[in-house]
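Got a structure for you, written out below as structure tokens; questions coming shortly.
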Amino acid sequence: MINIGVIGFGYWGPNLARNLSQAAGGKLTAISDLNPKARAKAERLHPSTAVLDDPLRLIAMKEVDAVAIATPVSTHFDLALAALQAGKHVLVTKPMTATTEQAQRLINEAQKKGLTLMVDHTFVYSGPVRKIKELAAKDLGDLYYYDSVRVNLGLFQHDVDVLWDLAVHDLSIMDFVLASQPRAISATGVSHVKGGMINTAYLTAFFDNNLIGHIHANWLSPVKLRRTLIGGSRKMIVYDDTEVSEKVKVYDRGITVAESPEQVYHQLIGYRSGDMWAPHLDITEALQVEADHFTDCIQKKARPITDGEAGLRTVRLLEAATRSIKEHGRPVELAAAGV
Amino acid sequence: MINIGVIGFGYWGPNLARNLSQAAGGKLTAISDLNPKARAKAERLHPSTAVLDDPLRLIAMKEVDAVAIATPVSTHFDLALAALQAGKHVLVTKPMTATTEQAQRLINEAQKKGLTLMVDHTFVYSGPVRKIKELAAKDLGDLYYYDSVRVNLGLFQHDVDVLWDLAVHDLSIMDFVLASQPRAISATGVSHVKGGMINTAYLTAFFDNNLIGHIHANWLSPVKLRRTLIGGSRKMIVYDDTEVSEKVKVYDRGITVAESPEQVYHQLIGYRSGDMWAPHLDITEALQVEADHFTDCIQKKARPITDGEAGLRTVRLLEAATRSIKEHGRPVELAAAGV
Amino acid sequence: MINIGVIGFGYWGPNLARNLSQAAGGKLTAISDLNPKARAKAERLHPSTAVLDDPLRLIAMKEVDAVAIATPVSTHFDLALAALQAGKHVLVTKPMTATTEQAQRLINEAQKKGLTLMVDHTFVYSGPVRKIKELAAKDLGDLYYYDSVRVNLGLFQHDVDVLWDLAVHDLSIMDFVLASQPRAISATGVSHVKGGMINTAYLTAFFDNNLIGHIHANWLSPVKLRRTLIGGSRKMIVYDDTEVSEKVKVYDRGITVAESPEQVYHQLIGYRSGDMWAPHLDITEALQVEADHFTDCIQKKARPITDGEAGLRTVRLLEAATRSIKEHGRPVELAAAGV
Amino acid sequence: MINIGVIGFGYWGPNLARNLSQAAGGKLTAISDLNPKARAKAERLHPSTAVLDDPLRLIAMKEVDAVAIATPVSTHFDLALAALQAGKHVLVTKPMTATTEQAQRLINEAQKKGLTLMVDHTFVYSGPVRKIKELAAKDLGDLYYYDSVRVNLGLFQHDVDVLWDLAVHDLSIMDFVLASQPRAISATGVSHVKGGMINTAYLTAFFDNNLIGHIHANWLSPVKLRRTLIGGSRKMIVYDDTEVSEKVKVYDRGITVAESPEQVYHQLIGYRSGDMWAPHLDITEALQVEADHFTDCIQKKARPITDGEAGLRTVRLLEAATRSIKEHGRPVELAAAGV
């Protein structure tokens, strides 16, 4: 039995706590929050769990084996480091840390101690994304592009901009689905609130083999859109997360290129248009799958799908995008950053 | 009565010819095309119109007062210049020319001769776009962003890439609706066909006052999307050209910022969510409105809405985007280009 | 303070209990259910509420002022009658009773005792339906038709057929919105399960002045549809409850009839097509509005919007429809039934 | 070569003429219309075709082998009979005739003369409907219901009501897809224009084995809907003709009934929810397929898919529905009518 403590019981913490309390081989042992109202809520929802006001006391609890951190990004590093140093396994919400350097130090610490370090890239564990991963690996052919739109009205964040708040979802899904990493990032964005965070942003990721990724994140859209297009040489996918059913549609469409031996100019491009197919999707709550995976990885000393490296890769792209936005789209190379 | 000749009777020429033949005060007098099949079609559809194989002979015809050019982009400049030099008014399809220099020379020639020079930015004359222009001017408040997606499967072009083929529509609409010009462009894009044209492209336009424009153009999408979001401080618009009716929806949604006197960090952002409204739109064919405008401008010696300057501005953005794409998004300043 | 007991804690009871526990001037005092699992759940969710296994004991509790009944339809009459006889106000879920006779007896009993008798026609209290009621009264002009589709896959009921399970919603909304009653009903329907309940049904209601109502209810549809069209002489409504936002759309569309003085045959019918408008809707949970209305009516001795008469009217239509279905659509007059 | 004459060049005639002029083995030889404007249009579009003002002269033309009739319904019988008596093959638009008796007489005449008699049930030849026919035969399992909605604003007809104008499409598709005939019809409907035609109508068709058909036809809807649900024991179909692509969706959904040996009441109903699949559809214009089928049937003396009997069956249902509407839904048996 793995005893788990949850730090932070604001917006996301209750979801983590509920799912971890039901994780195979897991037990919700403690919850901490600085806010008395959040603690009262925790006591009501989890009457048999210890509720504390001090995260460091929670980390210090002997009976706690693992800690889930659902606090503002700026506190992730200190809390996760303290937990690892105290010998606890860690699940940290996204984005993993505020800098790549912090992410790397957590990875090193976890490795040194032989502890599980996992990042809560929730969507990676959802039915639609797991199905897309499967399709990308065997049905799509050569990958051409990954294009994602995640826009809606609000909620403006105080501590992170729209890339670190919304695009992080797409970057983590893209990392999982494409299983390769961009060479460079070009990003653009603006703030429409004086002194405020960037609320409208665009990010292009350049991969090898002309694969291109693009993300549009916006807190100021009149409508909610959650739509990803994935183009491959054999099939293409439309993933619309606002649909109630048929969230993933697979199109047997594409082009065929008959290259002329004499002259590139004369190559003939044909169009293929076949069936569309919407596979049945697992509707288990993503966070439940993730919670089970967390306890399972701890027990088997296995590497989580969204391990510290996945968290680091995502933070690295966010960092590069932030730098590129400041220079109006100037590309930021990632090779130098190493992996 | 203005006698009009149409050069090029391939894909778009027949539409131009049909609408110009019905334009108020206009008469379709001649059509030319290099292709015998196209000429046969022209003879069948316009039995009382002269059909020629040589565009220069058409330009030379005394009875022709104005010429509409619907040929590949690479030929626009030579044909338009010849027509202007022969004293004919000119309507040229988009993009106006292959370079800004060519566009500028046509403008100069038309001005010198006192002739009407108009660019066929068709969408500007459509019911939805005219309504959006009206709304942008009086209902939206401060403009925040203009975001457009124009993607579908095919048709790959041989002589222009996806920006010059598809994004040109959005750039010309954006030019008309925003009535201001970007300071810089950052664009990214790739080709997935060896030696082929860029088929997936993204373009960011930076305007003053944090207004940002963005266009996604793609020839390789499994689904056809034609959707523009326009954000303002008072209202927001969704324009979906694939809808049969209600193409333009106006949302009474947005944010309110209550700035704290002490500290920017504490500013409170509120959300406003009111009615949605889909105005009734004029369904007159855009090209008919445009054809009437062309003959009207000639008769009244008036400046067309989509005059040579509008064509030049659009070509300038395309040129800048093409340069930026080659450098993976490095921003290209437009100030130096002058206007 | 009104002390409320909830009888039945299966599918709908928990929702009633939660909302009644938050009703203005109300207090959730007791819950009863025959099923031990349901009682355990009630104890967990409402730790300070008495949980009983016997509904009659709950009804007998002195401190209980009002009773909400969320049990199978066949038990509504006996439980509601017992509650009224014990001097308790009653809120009963839909359909009110299994027969009109039962409904009439409950109305009589409540009147005799001066007690509030209310039927849980939940949708009547929802934001969309309240807005539609408002629009029907002042914007639509003469009403032409009310057409509703409520179909999905499952859940097949054991004790009521698809009309008594799904169409009852539409009949209660129609009763509220149209504020007039049909003269006759013609209904058709079939069962596709041997010996089972009717799972696909159609109902036409004939009103005065050529107003027609129609409902399609189906447990065996591959897709979920919840769509009502309401036609008026001035405006028309589309109400789609599966939409996340813009559930109600008002169309400024219709016909104009220019009658020729000589001959009806020559009347000219014109078509009007104006703006569409989606009013902002109150998103308060319908059941919360209803719970507040229940305690308010008790306190003010006011007649509920969905009083016993509304319940009776709906049961009368269901009874007539059931009779008509057995005779393959033969119309059943409602005049004789009197109101 | 079959020489074809087209009678009636109003709304639908030009489509028939265009497609028949391109039919394999066919030649458009003559067109007649009473209206001079229609004749002028015919001359312009078909310069090498004889254009007459008298349909009987067209029928009398020696060189005419076959006649297509696209005139108001009330004239179908006289014109078709005259053509058959003159030894011409006949294609007549829908509904075939104004009465079953007329339809039967045309069938008899054609048979006597050994001529092809075909009814223009256009949708039967469309890609979506041909695919549905294929699916109904091999994939759906036992058929449960056929439910169709065909509503929009306008165009009110003078000579036929909304059933004979719109529902005739659905009845002809249903006849083709189900390949069985109803035992009885119950229909309801009203007119909202004084002395006018019924503009809102509902029709239920009762088949053997609890298969039920239902059609909703309405000229007074604010939105255009063209949606058919077909339920089977193994799969279900949604056919939405307003979709640009994916008009036909096949759902692997349904119920499973585990009957209890003891008691019907205890039967357990399970729900099955699998993939959705949108087959690629032939996009050849339906009328072209139909025109080719017409000339092919004449040449091979084959029985057309939509022969006179199909026309008769559809008229019989319309007649029964008209009778039922007058009696507010009273079912009209079809057995007595024979087939």
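By letter and in written order, the chains are A, B, C and D; residue numbering begins at 1 in each of them.
Assume a residue touches a chain if its C-beta (ideal position, glycine included) is under 8 Å from a C-beta of that chain, and two chains touch if they have at least 3 such contacts.
Note that the structure is a prediction, hence the values are computed from the model and not measured.
Residues touching across the subunit A and subunit D pair largely coincide in numbering: over half of the numbers involved belong to both copies.
Ranking all chains by how far their C-alpha centres lie from the centre of subunit C, first place goes to B.
Taking B-D and C-D together, the chain pair joined by more C-beta contacts is C-D.
Subunit B and subunit D have centres, each the mean of its CA atoms, that are 43 Å apart.
Note: centroid distance subunit A to subunit D, computed from Cα atoms, is 53 Å.
One simple way to say how far apart two chains are is to compare their mean CA positions; for subunit C and subunit D this gives 38 Å. Counting only residues that touch two or more partner chains, subunit A has 273.
Subunit B contributes residues 245-246, 252, 273-280 to its touches with subunit C in the complex. Listing the residues of subunit C that touch subunit D in their complex gives 144-145, 147, 149, 151, 153-154, 156, 158, 184, 186, 188-196, 200, 202, 204, 206, 210-212, 214, 216, 218, 220-223, 229, 231, 233, 236-238, 251, 253-255, 257, 259, 264-265, 267, 269, 271, 273, 324, 327-331. Chain contact summary for the complex, subunit B toward subunit D: residues 224, 242, 244.
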